[in-house]
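Paired with subunit B in one complex and with subunit C in the other, subunit A is shared by the two complexes that follow.
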Partner chain A sequence: MNKYQKVAYYPGCALEGTGHAYNSSTKAVGKALGLELDEVKDWNCCGAMEVKNVDPKVQTYLSSRVMAIAAHEMKAKVVMAPCNGCYHNLKKAEYDLANDEASRQTVDRISKKAGHETYQAGSLETIHALDWIKDGIGEEELKRRLKSSLKGLKVANYYGCMYTRPRHIFPEKDQGPGSESTSQPHFMDDLLAVAGAENVDFPLKTACCGGAHTLSDSDTSTQLVLNILQAAEVAGADVIATECPTCHSGLEMHQVRAEKVLGTKTKVRMLYFTQLLGVALGVSPRKLGVHENVSDGLALLKEKGIA
Partner chain B sequence: MSAARGTLLARAEAVLEEWVRARGETPTQDTVETFRLLALHRQGARGVPSFNACRETCREIAYHYNLLEESGDGKPRLMMEMLVRHLELFVRGKMEVEGLGDFCCASRPVREKSLLEERTDG
Partner chain C sequence: MAIHEKSLIRPENLKTHDNLVLDGVNVSVHWSTFIQSRVVTDYNEAMEEEIAALPGGEHINRCWQCGSCTNSCTVNALNPDFNPRYWIYLIRTGMESELLRDKDIIWQCISCNKCTYACPRDVFPEGVMKATAHWLELKGHTPKSKSTLFDEEFTAQVVATGKIEEGRIIRNFFARTAQPLLQDWLVEMVKRVARRLPFKQGLMMGWGAVFRPRTRKWAKASAAINEYVHEQEARNRKALNLE
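Right after this comes the complex of A and B.
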């Protein structure tokens, strides 16, 4: 059995809130592909950016607790996190626990105090939803299961900045053919191309969207996002495909704000890659949560004759 | 008249020079893979790992520079302009976050003018 056939699932906080549609579409796509998700029991926040800023080692502990439950209580070998922030933090915790004695001591101390077994580096493999589908099912099998095509849809794939950075916490990337690239990520491009989408050349696919200072300096975030949206339109895209709830809601919110504050309207829509794959797999847009998106993806899919 | 590729590249270098100077260093004259922009990025990211979030933007600027003729126009030129703009916005945000100040008057928040007007009116 493929090791990604059944994985521990760590949705993270965003997928219970603004990223709800990403949660439902990820589950729907998994079901359509015969991939199983077993949600991590009693999971907690990964520490996100807030805890990291206060004390990075406490953030390492919070992420390690999620991995401890998956590895020790659920006996899982693989945990899948669809959110770039969660994925990044679990990977970083794994790296710190393997390489930093002070982090190991802190995590051990807090784990003992919290009354659970300390997570040991190397017990678990953390993957992203893109790895899960790309390596769990493969492009050939995905093609076989398609019910319709995304033909005629021009897509700019946006990975954001946390999916590949910093490079040293992703040792499985940049390993030659078949592996993901940190400078030119392509897993989302590959999957959507199989589903019939036309991927446009999009040079801002890993550029910063200003998500970190969306509250402290909204104007910069709005301008960064507007530049991404306009570049996608110049590239000829109808849709920006996303694979992170924070990036996705940032693009959607600041698209509205750009029109309001700067008077600049953009037409490009945002859809999670799981929503696009789901449509191609014959899942109804409603089950994929397309109606929950702020930008009206459904109208575009109907206009293109895809939904 | 749209800016030529050399002008855009110089603009991108000027942004990174400003970042390097704001951190109390002298901007390098070295090049990486024939581009001073990439050397400046490397210098600017030293000790600030999060500055690598603009690494690929710099590499894409270099790529688009290579795609274009000096007076080349069309989509690649427009895209290069947007990449340079992204670098400007990113560095502006970083300078504010790091407490290094504005890097030019054009980088001030877009609402500053209206806020000032509100205060004056009030």
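Right after this comes the complex of A and C.
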């Protein structure tokens, strides 16, 4: 059996809040493809950027607790996190626990006091929703299961920072043909191309949306988001496909803010890549939460005759 | 000859004279501009060690000033004064007063990690920026930045309940930074969503969230983290000679 057939699922806090539609569309796509998700029991926040800024080792502990439950209690071999922040932090904790004695000691100490087994590096493989679909189903099988096509839809694939940087926490990337690239990521491009989308040549795939300071330094974030939106429009995109709830809500929020504060209007819409795949797999836009997005993706899909 | 690269010199260090006679020669036209010589006497020799003692700053000593960090920096592209390479140089040479000129923008590092990706010496410049911003705050050179206030609000919630609830964070952060919650762009965003799903408005922003998400069996973890964080705070203050 494929090792990604059934994985431990770590949705994270954002997917229970602003990223609700990413959660429902990820589950819907999994269901349509026959992939199983087993949610991590009693999971906690991964620590995000914020706890890391207060103390990096507390973030390492928080992420390790999630992995400890998945690996030692649920006996899972693979944990899947659709949120770039969660995915990044689990990967970072894995790296720190494998390479840094001080991190190991701190995590062991807090884990013991918290009353659970300490996570041992190497017990679990952390993957992103992109890996899950790309390697769990593969392009040929995905193609076989398509119910419709995204034909005529021009897509800019936006991966953000946390999916590829820094390189050292992603040892499986940049490993030649078939592996993901940290400088030119392509997994989302590959999947959406199979679904019939026309991927535009988008130079800001891994540019920063300013998510870390989205509210504390809004002017900077608005400018960074505007760069991304305008570059996508210049590249001819109708849609920016996203794979992270922080990027997605950042793009949506600052698109509105740029309009209100700077008077700069952009038309490009944001949709989670799972929403786009879901549509091609015949899932109804409502089940994929398309109506929950701030930018009106539904109108665009209708206009293109896709949904 | 006149000085052509005046833009590279701080205006206050340029001395120009309308009428200047040196040794009986009138040099008022071409030779009237001088650069004031600079003598640095107030080295802070402890600065590098102190910043290296804070989380993220550990590897500052590896830097060999290639400038890959500044070259790849997201914030530098928006503001050329945001210069990690230069700040690392100032910290390592102990030039505190020079560093303090930029004290109000260092916290703006957006943690995109392009510098960490590019750095050939594994300095982890992103961590050094965080350590430097903390150092400035702990030493009292700057008030806590909005970013720090946000991080503290977020972390307090995670430690208390194991999870965050976005609406609560936004409300508390805006209250702590004395900003009105009803900013017109936030209101506009909620309106656009509400047009399509009025009953879920509360869900999207968490404004109507009555129940607070919590991790089950969290109390012991919360206590253990709190104990560790307090210990680290004391350790950091000691490393910076603050009592």
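In this section, the second predicted complex is superposed on the first by the 307 of 307 C-alpha atoms of A that agree within 3 Å, B and C clash if a C-alpha of one lies under 4 Å from a C-alpha of the other, contacts with A are read in each partner's own complex, and residues count from 1 in each chain.
In this text, a residue touches a chain if its C-beta (ideal position, glycine included) is under 8 Å from a C-beta of that chain, and two chains touch if they have at least 3 such contacts.
Please read these numbers as outputs of a predicted model, since none were measured by experiment.
**Q** Assess the superposed three-chain arrangement around subunit A: do subunit B and subunit C clash, or do they fit?
**A** Here the two partners, once superposed via subunit A, clash with each other.
**Q** Counting only touches as set out at the top, which of subunit B and subunit C does A:74 meet: first, second, both, neither?
**A** Neither partner.
**Q** With both structures fitted on chain A, tell me whether subunit B or subunit C touches more of subunit A's residues.
**A** C
**Q** Which partner chains sit in contact with A:256 here, subunit B, subunit C, both or neither? Use first/second/both/neither.
**A** second
**Q** Would you sort A:204 into first (subunit B), second (subunit C), both or neither based on which partner it touches?
**A** A:204 contacts subunit B only, not subunit C.
**Q** Give one of first, second, both or neither to describe whether A:166 is in contact with subunit B, with subunit C, with both, or with none.
**A** It touches subunit B and subunit C both.
**Q** Where does A:231 make contact in the superposed view: on subunit B (first), on subunit C (second), on both, or on neither?
**A** Touch status of A:231: first partner only.
**Q** Now for A:220: first (subunit B), second (subunit C), both, or neither, which partner does it touch?
**A** A:220 contacts both subunit B and subunit C.
**Q** Answer with first, second, both or neither: which of subunit B and subunit C does A:53 touch in the superposed model?
**A** Only subunit C; A:53 stays clear of subunit B.
**Q** Which positions of subunit A sit in both the subunit B and the subunit C interface?
**A** Residues common to the subunit A contacts of subunit C and of subunit B are 161, 165-166, 207-208, 210, 212-213, 216-217, 220, 223-224, 261, listed in rising order.
**Q** Looking at the complex, which residues from subunit C come into contact with subunit A?
**A** 55-56, 74-75, 78, 108, 110-114, 116-117, 124, 127, 130, 145-152, 154-155, 158-159, 162-167, 170, 173-174, 177, 184-186, 188-189, 192-193, 196-197, 200, 203-206, 213, 215-218, 220-221, 223-225, 227-229, 232
**Q** Which part of subunit A faces subunit B closely enough to touch in the complex?
**A** For subunit A paired with subunit B, touching residues are 161, 165-166, 183, 203-204, 206-208, 210, 212-213, 216-217, 219-224, 227-228, 230-231, 234-235, 261-262.
**Q** State the interface residues of subunit A toward subunit C in the complex, per the touch definition above.
**A** Touching subunit C from subunit A are residues 13-14, 16-18, 20, 42-45, 47-51, 53-58, 61-62, 65, 106, 109-110, 113-116, 161, 164-167, 182, 207-208, 210, 212-213, 215-217, 220, 223-224, 252-253, 256-257, 259-261, 291-294, 296, 298.
**Q** Given the complex with subunit A, which residues does subunit B contribute to the contact?
**A** Of all residues in subunit B, those touching subunit A are 49, 52-57, 59-60, 63-64, 75, 78-79, 82-83, 85-86, 89-90, 92-93, 96-97, 109-111.
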